[in-house]
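Order of writing sets the chain letters: A, B, C and D. Residues in each chain are counted from 1.
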Amino acid sequence: MCRWLAYSGSPVRIEDLLYRPQHSLIDQSLHSKLGAETTNGDGFGIGWYGIGDTPGIYRSIEPAWNDRNVHDLAAHIETPVLFAHIRAAIGSAVQETNCHPFRYGRWLFMHNGFIGDFHKVKRDLVLAVDPSLYPCVEGSSDTEVFFFLALTFGLEDDPPAAVEASVGFIEAVGAKHNVEHPIQMTVATTDGNRVWAFRYSSERDSRSLFYSTDVATVRALHPEIEILRELSDESRLIVSEPLRDLPGVWNEVPEASYGVVQEGQDELQPFTPRPPLRQGQLRPRPQALL
Amino acid sequence: MCRWLAYSGSPVRIEDLLYRPQHSLIDQSLHSKLGAETTNGDGFGIGWYGIGDTPGIYRSIEPAWNDRNVHDLAAHIETPVLFAHIRAAIGSAVQETNCHPFRYGRWLFMHNGFIGDFHKVKRDLVLAVDPSLYPCVEGSSDTEVFFFLALTFGLEDDPPAAVEASVGFIEAVGAKHNVEHPIQMTVATTDGNRVWAFRYSSERDSRSLFYSTDVATVRALHPEIEILRELSDESRLIVSEPLRDLPGVWNEVPEASYGVVQEGQDELQPFTPRPPLRQGQLRPRPQALL
Amino acid sequence: MCRWLAYSGSPVRIEDLLYRPQHSLIDQSLHSKLGAETTNGDGFGIGWYGIGDTPGIYRSIEPAWNDRNVHDLAAHIETPVLFAHIRAAIGSAVQETNCHPFRYGRWLFMHNGFIGDFHKVKRDLVLAVDPSLYPCVEGSSDTEVFFFLALTFGLEDDPPAAVEASVGFIEAVGAKHNVEHPIQMTVATTDGNRVWAFRYSSERDSRSLFYSTDVATVRALHPEIEILRELSDESRLIVSEPLRDLPGVWNEVPEASYGVVQEGQDELQPFTPRPPLRQGQLRPRPQALL
Amino acid sequence: MCRWLAYSGSPVRIEDLLYRPQHSLIDQSLHSKLGAETTNGDGFGIGWYGIGDTPGIYRSIEPAWNDRNVHDLAAHIETPVLFAHIRAAIGSAVQETNCHPFRYGRWLFMHNGFIGDFHKVKRDLVLAVDPSLYPCVEGSSDTEVFFFLALTFGLEDDPPAAVEASVGFIEAVGAKHNVEHPIQMTVATTDGNRVWAFRYSSERDSRSLFYSTDVATVRALHPEIEILRELSDESRLIVSEPLRDLPGVWNEVPEASYGVVQEGQDELQPFTPRPPLRQGQLRPRPQALL
C-alpha cells in the first residue's frame, strides 16, 4: 500500500507541499492513518515540470523521511505540477525502477493499490504491451506494467478511455486466471497540463482518495493559512489521505469515478472498465493482444 | 529509539533468531509495540562470531525488512553469539558508520536510547576519548562516542566498571551543560564469550529490557517449540521487547541494573554510574580528560 | 563488460580468493587489464555454498572496492564453491536484481559479455521463458533472461546442452532481427557440486577466460605461496583474467569450448550452439516457443 | 584523488556543464587523464544557487556515471553558479556526509587532495574548530574538517586570509606530528556571488587546476561551439582538468596561487599559508586552540 499526492496550480516550492503541512506526505510515510499499512518506507519518488521537454523525476529506495537529497531538492525547486509517491512494497523488489511516478515522454503515472495475484497474470499483461514500448519496461512492478498497458491503449490520446481499457483488460486476464479481485487502485496521470485521477477496485471497495475544495472557498474558511494567499483559484490537490485536519477542505472522490483537473471547469465522471478489444479503441496491434 | 537483540548459547542459524519467531526483530522494525517509535527503519546491523579473529558485522542503511542481503546471510550463517540492532535515528545521519553494533577488536557494542542534548555535550565527550582511539571514530552518532568512552575507561578489562565510568562521565558533562536527562539507555556489549546488558537512565525511567528464562524451564513450559530442543541449557536471549507472546519466558531486567550471560551462573547486579576520575579506575590519560 | 571468478575445491575463506591475491578480482574492479572497460563499478555479487539448502548470495550496487560489508563477509565465510562477479553495466539499470550471480534453487549463473541489441530481441527471448519460470525474472538484464532460457531448456538436467540450446536460440532470434553479433559470452554455472564454464561468441572473438593448472603442479612451481599447501589437488579457479602474474599457472580456455570442474577428471569440450527446436531436447512447452 | 568543476556566469542548465562537453566531469569520473587515480567512483556531489536562502546540494555515494537522479536533476535545473565534485576516497568512509561540496549557510567548499597522515593530526585539527561550529561536523573526511577550520578562521569575512590561516595551521600541526607533506590541495569556495579557487601543496607539487579564457576570446577562437553564444563575457569555468581539448581555452592556475571570479575584473594572487596565531586574524577562541 502506498500514499500519493498530485498538485496542479500556481507554481509552488515542493517543500511547501511535501514537508510543511501538518500530516504531510512525509509524515504519512512514517504514520499513515488511512493506509492499509502504517509505514510506507519502501521507496519514494517525485515528478515535476520545469525547464526541459520532459518532467523531472527523482526516485530513491531510501525511506522518504531519511532522504536528505529530496529534502534539499524540495527546498530548491518550484513547479506548477507535482506528483509525489511513497511506497509500501507488495512483493516486487525495492529498487528505483519500481518507484513511482513512472515517466514516458511528457507523461507521469502513479498508483496506490495493486494488480491481484500479479505473478499469475504478469506474463499475459506484459505480452499485451505494445512491442515498441516493451523495451522501455525497466522494473518488475505491477504499476509499471499497468502504465505501459495504458500507453498501449492510447493514454496519450484519451487518458480515461485508455485507463478504462487497461482495467477492463486486467480484469479479463484476472478472470481467466481465477483472480478474485483483479485490481485495486487509485491512479493519477498527467501530461503537465491536465491531471487525471482515478478511483476504482474490482471489489468496489477502493483505497481512499480526496480532492481539495476550490481555493477561494478554502481561503475564506481558513484565512490563517498563509500559503493560500499565493495560490491561484485554479490550484488543486488530490491526495490519498488529507494533509491537514481542516474542516471543509477535503472531498472524497466517489467509488468508481475519475476527476480531471484542468484549465476552466474541473470534471468528475464515472469510471467504467471496458475490455479493450470490444471497444475498438486500440491502435491495431493484433500480435500484441493474442 | 531502536530495538535490539543479543543471543548467547548453542550455535543457531541467524534467521532462526531474526525472522522465525512471532513478533521477531524484523517484525519489530515495522511494528514495534514497546518502542518510543513504532517504526525502526533508519538502518540495521548484525554482529556475529565465527571464523576470523574478530566478529563479523553487516550494517546497512536500508530498512531491515527490505534488505534481501541480510535475509540471505541470516539463512547461511550460524553463530553462538549474535547482536542485532534496528535503528530509529534521532538526529544523526542515516549512514552505515552510525549503525549498530559498533566493533573494536573482538568487542561489539549496541544501544537503545540516547545521550541527551548530544550537540551540546559531544565535543566534551569526544575530547575525553583516548587520543589513540580517536582516529577509530568513523561516524557521528552518540552511541559510537559512548562506546569509545567505555573503551577509554577500560571496557576490555572490566565492562561493568567501564560502563559505569562512562555513564558517570556523561552525566557529569551533561550536568555542566544543564542537560536535564543526560542519558537514556539499554546497552549490550560482548567479547564473544560473555554478554553484558545494561539498563539505566538518568531519569530512572529506562527503556524496556527483557531476558529469557532458562531454557530447561522454557522447554518444559512450551514443549511445542521445536528449536528449544536443540538449544543448550545455557542459551539466553536479551531483547528490547519480547519476541513471542509466551507466558513464563520473559523477565524484565530491573531499572538501574545489569546482567552478565556467561558460562556457569549468570548474574544480575545493580548499576551505579561513577564519575571516572573520583574512582581512580582509569588508565592514566590526563591529556584526554582535561 | 564484467569480470568474474569461479572457485571449486577445498573450503577456503572468501577473502583469500577475492582480496589477497595480487591483481585480485577486487583490484580488477578498479583496474582491469584485459577487460573491454578498465572500471567495473556497476555492482557486485558473490554466491557461496554452506549451510542451507540453497547457495547464499550477496549482491550490491556499490562498487566492490567500496563495500565494507562484503569485505567483512569475505573474512568470515568459508566455502568450497565460490562465484564472484563485478559488473560494468551495458544499458540495463544498476540495481541489485541485475547483479550476478543469479540464483534458482541450488543453481548459480554468471556472465561476462552481452546479448547483442538486447532491446530488439528481449521480447522474443522473454516469451520463450517457460511461463512457470517467468514470474521469477526480477531484473531487466540480458543475463537474467539468458539464465531463465537455460533453465527452460534443461539447465538442471544437462547444462552444456541447455546452454547450447539457449545460445542457438539467441542466435536464431538475433538473426531474425538482423543483429550482427547476437551473443558474446563467458558464462559459469554450478549446482554446488560441479562447475561449468563456457567461452563463446557469435563473432568467434570471445572475452578472455582462464583456468588454473592443477594444484600439485602449481605447488611445485611456486612453493612460496602458502595457501596452496592447504588446497586439495582437485581445487580449481576459472577467471576472466589471471589473478597473479605466475608463470605456468594460467591456461586459456579455447575459443568456442567449455570446461567442467568435477570430482575426478575435469573436462574440456567444444561448444556448439544448437537451435533448441531442431534438437528436440526441450521439455515440451510449445506455447512458450511460438 | 578527486575531480571538480566550478562555474560562475550566465545561468546554464547543469547538464550543459556536467554531461555535454567532451571529456566532461562525468566522463572523468570513469577515465580521468590527469588525476592521481583514473577512477573517481566513491561519491559525487553538486551544489547550485537558485530559489531558497542557501544553495541546494545533492550528494550521493553512487558513482556519478550511474546516478540517474543526478542526470535528471542536471537536465531540469539552471544555475548561475555550480560546484560539482567526484570523489576518489582516500581512507575515510564512502558516505554522503563525506561527499563534497560541503555547505554552511550560503557557503560551499570542495577539495581535491588530502591532509597528510590525517589520522595523526585529525584530533588536533578538530579541537581547533570553533566549539559553536563543532556540532555541524557530520562526516569523517579531512576536507570537512578543513572547511570548518576555514570557517573558524573567518572564511565568511575574508576567504583568502581564512584559507591561508587554515593551511598554515594544518602545516604547523603536521610539522608537530612529523608529517612530511601536511597538505595537498586545489580548493574552491563560494558564497554564490564570488568564487575563490586555490592551488597549493606543502611539497610545492600541487594537483592540476585550470581556468577558462574569457568568453569573448573563446567565442572568437571557436565560433562552432553553440553554447558560447548564450554565455555572458563574465562566465568562467575552473576545473581540475580541461573539459574539451580546445586550443587557447585553458590556462593553468600557477603553483601556490589563488584566483577570484567576481563581477568586474577577476584576480589571480599568490597564496601564502600563515599560521593563524601569529597573524592575529582569529576571533579569540583560546580554548579551541590549546
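Here, a contact is a pair of C-beta atoms (placed from the backbone, for glycine too) under 8 Å apart; a residue touches a chain by one contact, two chains touch by 3 or more.
Note that the coordinates shown come from a computational prediction; the quantities given were computed from them, not determined experimentally.
Asker: Hey, what chains does chain C share as contacts with chain D?
Answerer: Under the touch definition, chain C and chain D have A, B as mutual neighbours.
Asker: So which has more C-beta pairs touching, A-D or B-D?
Answerer: Per the contact counts, A-D leads.
Asker: Same residues or different residues where chain B meets chain C? The copies count as same if more than half of the interface numbers are shared.
Answerer: same
Asker: For chain A versus chain D, what separation do you get between their C-alpha means, in angstrom?
Answerer: Averaging C-alpha atoms per chain gives centres 41 Å apart.
Asker: Scan chain B for residues touching two or more other chains and write them down.
Answerer: Those would be 68, 93, 96.
Asker: Going by the contact rule at the top, pick out the chain C residues touching chain B in the complex.
Answerer: Counting only chain C, the residues touching chain B are 13, 48, 50-52, 56-60, 68-69, 72-73, 75-78, 96.
Asker: Along chain C, where are the residues that touch chain A in the complex?
Answerer: 92-93, 95-97, 119-120, 122-123, 126-127, 131, 134-135, 137-140
Asker: Going by the contact rule at the top, pick out the chain C residues touching chain D in the complex.
Answerer: Contacts found on chain C: 30-31, 38-39, 41-42, 61-63, 65-66, 68, 89, 93-94.
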